[in-house]
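Next up: some structures, all given as structure tokens.
Both complexes below contain chain A, partnered by chain B and then by chain C.
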Partner chain A sequence: MHRATIPATLLSLIAAPAAVAQVSVTGIRDLAFGFLTLGISSTVLPSDPVKSAQWRITAPVGQRIQIRLTVPNQLLGPSGATLPVSINNGDAFVQGTWTGSVPNSFNPGSNVNFNFTGGTQAIIRLGGQITPAANQRPGTYTNTAVCTITVF
Partner chain B sequence: MHRWAKVSTAVVAACVVAASNASAQSANINVTANVLQAISVTGFRALDFGNVFPGVNKTIAPSAATSGRFDATGQAAANVNMTFTLPVNLVSGGNNLPIGTWTGCWDTDNNPAAGCTNFTPSAAASATTFSAGGALFVFIGGTVSPAANQAAGAYTATATLTLAYF
Partner chain C sequence: MSRTLTLMLLAAPLPAVAQGVLVAPHAVFIDHRTRSGWVQLYNPGSEATEVSIEALFGYPITDSIGHLELRTIEKPDSTMPSAVGWIQAFPRRTVIAPQARQTIRLLVTPPAGIADGEYWARLAITAKGSAVPVSGADTSQGITVGLNLEVRTIIPMVYRKGSVTTGLKVSSLRTSMEADSLVIRARLARQGSAAYLGTVRGALVDATGVSRGTFESPISVYYDIDPRFAIGTTGLASGRYLLRFSVTSERSDIAVEQTLKAATVRDSIEVRIR
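Let's look at the complex of A and B:
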């Protein structure tokens, strides 16, 4: 009898990660500063409906997650040229898509926790500021930002 | 007892692996910017009315050989706004010669006789586009209206074109 109860406990341990697997994060939209004029700063607010970056997180109601953004401090351009980009405190927020959820602004350089209290989807938005030098090499500059979510 | 210990260890190890794989996920987005070629604009040719006579208006068309001409370079195929600061008088000492009815056209080559797009130069923005090679030519004309008692002399003023990407 004693040994018969042990497999049931083990099965419950195995089942737990199946619920975790329902959590996902997807990149929806790039952070696009668009056309820049030499020597003139350009700012994209996280609330910008077109230019801000956007990720979508899906998780079960009640799930708690930790969000970590890895953002670049420069963009890479033609012939090895670089373009500094500033992504600082207040340049990111996370918000549930359900009614009553409000934007939770956070520092992209720090982790933030989020609870799926009223729905199964949340959106992260990211902005920043960029200032091409007066002698910046013309061309297209790119880099990558990563959103990592951890379930706990 | 020994057999139970082996089974337990194996199952717990499997759980740790599964949880590790599922608990952290990541997704990338790109951060992008396009730095445009610097705009350069120069006054290539003065708008020259030549000799005018008291009481007789004189008009120079943008396509005329003596129209004003600005040459510009910038980002290929990029949109730019043109804005002008235009005088209302040409000046000779303390005398004014009214100028107005400004006309203009822009082209992607330096020949305004063909393919030049008309617009009205003013402080309000007029949209245009650099050529595929990043060139733009802007021609302006206007009308001077000498009074019947206009004092003789050489009258001048300055017209300024400003270009800005949009």
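Let's look at the complex of A and C:
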């Protein structure tokens, strides 16, 4: 029987201490376009408090990070069918949750820097537009949106 | 009855489903003597999260307006201090249960005979939850749309062998007005054999010596950068000020024993607020 071996140095590692600086990014809410009507666009603004997508970021006070959203331009459906999604400049913003922080709009296709100047939490919101064709094929259409946080 | 119920369910607001992972620490330092480290992950959500770890090579640079960004190099050449190929993560993929923790052990196996110095990599931790429906449905045509949310956290990993030094040289300190802010730029040139991890501070001092505005920001200088900082000028009286600029080799978010000591560097420039 073959047994995987564990490097000896791994066994000597000490337990991780509990209190260390940490970062997190969490997807809180999906982008909800509501009812779709064939042939008619549905738009969600990033400022929409219910329908916009939302991520939450936490980092130590003073931390500077880079945010990048990788968003699709179409959803993939049955038998190769696609459904266009339009997410453009101004469809995203990042804002600290502390008093005095203002929304910083950015192009989801490019990087944005964010400083945790007054607190440890910030939110990213994302809107967009979806346009089902009049003859859109029935079925389920999906794709992936990625929020990347880089700590310098 | 059942069709009506189905349509109502499709149209109902979806519950919030947190998907992501908390990463600690947000910078990993590994010494040549131990050649090992760890990252702890925590799933704060209500669903299991699939997590994967990979290493890549990259370092911060600044763009033309002074914003930091990560330059990644897929295949770093031999002149680059890359530790990417030496890192193994245990486990490399895992599923973390809701509100559970997972420690990722890191083992570094450098080639024999590497020179003293500092070697870099980035750890990319990707977390993906289950597919989430993001939209309602076209109730007459049976169209549903959904988006899988992924989150990715990229943190630095530094591997040090032997004696390493760092330092910083500041030049081209300059300012400009943008809307209600004084924008400060400075060229930061790294000295020594290791990345400079420190804190930049600035203070806008009036003619009486009183500070009227400040900024403070952590900085990581792997190669030369030209970052921007800002001080709000709302409510400032017109006149001449002195901008005091300093960089110290300390970081409030990184343990003292992990930062390399270097002399504090200072510069200043006269500023006119109109």
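Here are a few things to note about the model shown:
Quick note on the criterion: the second predicted complex is superposed on the first by the 131 of 152 C-alpha atoms of A that agree within 3 Å, B and C clash if a C-alpha of one lies under 4 Å from a C-alpha of the other, contacts with A are read in each partner's own complex, and residues count from 1 in each chain.
In this section, a residue touches a chain if its C-beta (ideal position, glycine included) is under 8 Å from a C-beta of that chain, and two chains touch if they have at least 3 such contacts.
Note that the structure is predicted; figures quoted are calculated from it, not measured.
Aligning the two structures on chain A places chain B and chain C in clashing positions. Contacts of A:S41 after superposition on the shared chain: neither chain B nor chain C is touched. Looking at the shared chain after the overlay, A:T148 reaches both chain B and chain C. Looking at the shared chain after the overlay, A:T140 reaches both chain B and chain C.
Shared-chain residue A:V50: touches chain C; no touch with chain B. In the overlay built on the shared chain, the residue A:N111 is in contact with chain C alone; chain B does not reach it. Using the contact criterion defined above for the overlaid structures, shared-chain residue A:N89 touches neither chain B nor chain C, since it reaches no partner. Within the superposed three-chain model, A:V23 lies in touch with chain B and with chain C [touch as defined at top]. Between chain C and chain B, the overlap after aligning on chain A sits in one stretch of 42-50, 132-140, 186-194 or 204-212, namely 132-140. Counting contacts by the rule stated earlier, residues 6, 10, 13, 16, 20-21, 23-38, 42, 53, 55, 72, 75, 83, 130, 132, 136, 138-152 of chain A appear in both its interface with chain B and its interface with chain C.
The part of chain C that touches chain A in the complex is made up of residues 11, 13-14, 16-27, 34-36, 38, 40, 42, 44-45, 60, 67-70, 90, 103, 105, 107, 122, 128-129, 131-139, 141-156, 199, 216-220, 252-255. Remark: chain A residues 3, 6, 10, 13-14, 16-17, 20-21, 23-38, 42, 53-55, 71-72, 75, 77, 83, 85, 126, 128, 130, 132, 136-152 touch chain B in the complex. By the touch criterion stated above, chain A contacts chain C in their complex at residues 6-7, 9-10, 12-13, 16, 20-38, 42, 50, 53, 55-56, 58-64, 66, 72, 75, 83, 111-113, 115, 130, 132, 136, 138-152. Residues of chain B that touch chain A in their complex: 4, 7-8, 11-12, 14-15, 18-19, 21-38, 75, 78, 164-165.
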